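Can you keep this structure in mind? I'll have questions shortly.
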Amino acid sequence: MALDKKGIAKRIAQELRDGWYVNLGIGIPTLIANYIPQGIEVEFQSENGILGMGPFPYDGEEDADLINAGKQTITALPGAVYFDSALSFAMIRGQHVQLTVLGAMEVSENGDIANWKIPGRMVKGMGGAMDLVASAENIIVAMMHTNKKGESKLLPNCTLPLTGVSCIKKVVTNLAVLDVLPEGGFKLIERAPGVSVDEIIAATSGKLLIEGEIPEMVIEE
Amino acid sequence: MNKVVANVKEACEGLESGMTIMLGGFGLCGIPENCIAQMVNLGINDLTCISNNAGVDDFGLGFLLQGRQIKKMISSYVGENDEFERQMLSGELDVELIPQGTLAERCRATGAGIPAFYTPAGFGTEVAEGKETREFNGKMYVLEKAFEPDFAIVKAWKGDTQGNLIYKGTARNFNPMMASAGKITIAEVEELVAPGQLDPNQIHTPGIFVQRIFQGEKYEKRIEQRTVRIKG
Amino acid sequence: MNKVVANVKEACEGLESGMTIMLGGFGLCGIPENCIAQMVNLGINDLTCISNNAGVDDFGLGFLLQGRQIKKMISSYVGENDEFERQMLSGELDVELIPQGTLAERCRATGAGIPAFYTPAGFGTEVAEGKETREFNGKMYVLEKAFEPDFAIVKAWKGDTQGNLIYKGTARNFNPMMASAGKITIAEVEELVAPGQLDPNQIHTPGIFVQRIFQGEKYEKRIEQRTVRIKG
Amino acid sequence: MALDKKGIAKRIAQELRDGWYVNLGIGIPTLIANYIPQGIEVEFQSENGILGMGPFPYDGEEDADLINAGKQTITALPGAVYFDSALSFAMIRGQHVQLTVLGAMEVSENGDIANWKIPGRMVKGMGGAMDLVASAENIIVAMMHTNKKGESKLLPNCTLPLTGVSCIKKVVTNLAVLDVLPEGGFKLIERAPGVSVDEIIAATSGKLLIEGEIPEMVIEE
């Protein structure tokens, strides 16, 4: 069965490594914070200016001066730091953040990503996404494999205006985990539980590489 | 080096139609509420505003949009604002979208006497169109330039009469870089104290960058996305 | 995110001959005394050191010069050091002099993912020789590039186990930018505390930039130019 | 009679204006802090990272963590601020410092300055001087009119390696106050008490412009 958004977040959480600083985008990526594997410690950076983000505050304890990049009220853990936007993006551009996870509308087989603009529709802006994708060494895209019309979001080339070029290394969707190869192409790494390779082939319009037996993801409930 | 002005009216003297004005804040967090209200009162228009966001319909820069005082917004993200959307789609409002880190760095460059720098953000996208690009160590970068704002308006938590500022939590955001970037920088603070009351080790914006400072009359500090967890 | 190492020996593991190392401090103020002593102990040589100054004969980087461990100094000012002068004049030591603000900005650029920027400093002088120059708004600028240090070694006043740092007085100087610039950054502090002991509003170097931290065993904090006035 | 170093400092102090931030170089410029005119307030920036420098500390109250750009122990006034070297030179390059005063070996009639290097001698470095002269809108050079050999330091062209080009607007020496004109040339503004125009002409090898009566400086003892 295809994963739901929580399932995608759980699978991506398995990619976290002890000691990493991580930036999570809005949407599915935000959920990842709930599924950090036991025994590892990661710290979350929010690009509006905090390292060491904690959970949402208890009702009545919200502080208007303490929000995340999604403008939600948050709390700070012991050892947290606040900083200005220039230093925040110094961390990002300077590759001090080990992992960035963000959503996408399209990913191409050479690692281009489009996630900020649909021609003809109101454009809200790229926020920090262009800085993040142009800088991070390690970027995972979290998204549904197909759009609402059932069309593949893993394409030979992006059709929408780009957010960044040749930057995405890994995509985790409701159907599969795929590596974007340096020479181009999506290499199928894992299938969602109960999802067949044929289903993934049918849902992928970019070049798909399948070698040997493709294991099922192991996702705890 | 007393930078104190009597009130928001005096602080905003010289703001005129057609000017380019930087305004600190991220979302509704750390925005100069009192000065924005005064800009509405002044009725100035044709403004170019450089601010990471454009407020919401009934708060922050949304007030200036309601009065059609803004000609152009330079921001990284402008959602959450119906009037903004209407003016943008109708062509009344010019919008320049800039990656958030580039926006922050351009503000810093402005204050720091750096006319231009290279950043990887936006390479290969429409943001880089018409801009010079260049390779360093095998990676491609875009040349980005400093701004030329007339005024910068920032909001701090505490300030002293010499213009030294301390921000609180994530309300810091763009305020320090913008404070350094104004030809004239206006700082509104929640609490104005005497020199020596702030630890000299712990000033975020040294007073040299600030020309006018005052204690804001009242701060609503509206929350845009109230998210809580339930005790249990 | 515990960054604590047991001692200076462990902190300096991996430092090797031939490396490029940034060291914080201005004069003898805010220098990483314990790590410099360990570099002497390690006996590594052929080092390229990026540091605003080169210490005095019997303190700071002067120790490394005495042992001829430094192949090249990249600094803005290198007076006050006879052994330095001897090695420089004899050609044993390579010296690259850089305007102080350009040095600071290049360190910052290194940590901030900015490969290059334009500065007015040095235009028309020998510092600009061989470098690209360019006009912006009628003024001439020089293109300056980021460094590529292997290690950065800084000294802070207080730090917590996560690597968050606070500096004291003018001992801050180059330390924050250098802390951000190391592939591996080592921080030695006068006082090491638990997370939460430092005000999150008041951290000068966020721990994300620091890979190793330890409390220095002893700080001489030598004064280079003791100047006093007489009470009366 | 030609001014001594204190006299030069006193004369330059008359150029200070209320509310200015000022950077004073090592040597004669440092003395200026002792002669701030009554009724005006200025604040001193030292490029190693302090605004609001106070007097030297009392004996026994020196703090190794509190020095000026000359590496001397200092104190901080109420309202002082410490900052890092990047922000310090942001203040300087960004023209937030209203006046810079520094010494020089040579100044040319088009405003070039040489003050950091003598070929054949040990070079100590430019420190912050190149940033200061390339950035400040308002730079005054404080120096003796001639060198130890009696040769003019106000020249048609600098002979020593430059610190900056076309940047000096005013020179105050032991003999005179001179403006460097945008079109080139030293315009004589004032003479030191008892110093004749002829003496200044004899001591100036760069183009000297003399219009009308040249007043004597007024320097309080």
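Note that the chains are named A, B, C and D in the order they appear, and that numbering of residues resets to 1 at the start of each chain.
As a working rule, contacts are C-beta pairs under 8 Å (C-beta built on N, C-alpha and C of every residue); 3 or more make two chains touch, one makes a residue touch a chain.
Values in this document were obtained by computation on a predicted structure and should not be read as measured data.
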item: Pair joined by the larger number of C-beta contacts - B-D, C-D; value: C-D
item: Rounded Å distance, subunit A centre to subunit D centre (Cα mean); value: 56
item: Interchain centroid distance [CA atoms averaged], subunit B/subunit D, Å; value: 36
item: Whole-Å separation of chain centres (CA-atom averages), subunit A against subunit B; value: 29
item: Touching two or more other chains - residue numbers and ranges from subunit B; value: 105, 108, 112-114, 119-120, 167-169, 200-201
item: Where subunit D touches two or more other chains at once, by residue number; value: 76, 82-83, 86, 89, 92-93, 135
item: Arrangement of touching chains [line / ring / star / complete / other]; value: other
item: Touching pairs among all chains present in the structure; value: A-B, A-C, B-C, B-D, C-D
item: In the complex, subunit C residues that touch subunit D; value: 26-30, 52, 75-79, 85, 88-89, 95, 97, 99-105, 107-108, 119-127, 157, 167-177, 204, 221-231
item: In the complex, subunit D residues that touch subunit C; value: 46-50, 55-68, 70-74, 76, 82-86, 88-89, 92-93, 112, 122-131, 134-135, 161-166
item: Residue ranges of subunit A in contact with subunit C within the complex; value: 19, 21, 41, 43, 45, 51-52, 76-83, 86-87, 89-97, 135
item: Sites on subunit C touched by subunit A in the complex; value: 1, 108, 110-114, 160-162, 164, 180, 194-196, 200-201, 203, 206-209
item: Interface residues, subunit C side, partner subunit B - complex; value: 105, 109, 112-120, 136-137, 139, 141, 145, 166-169, 200-202
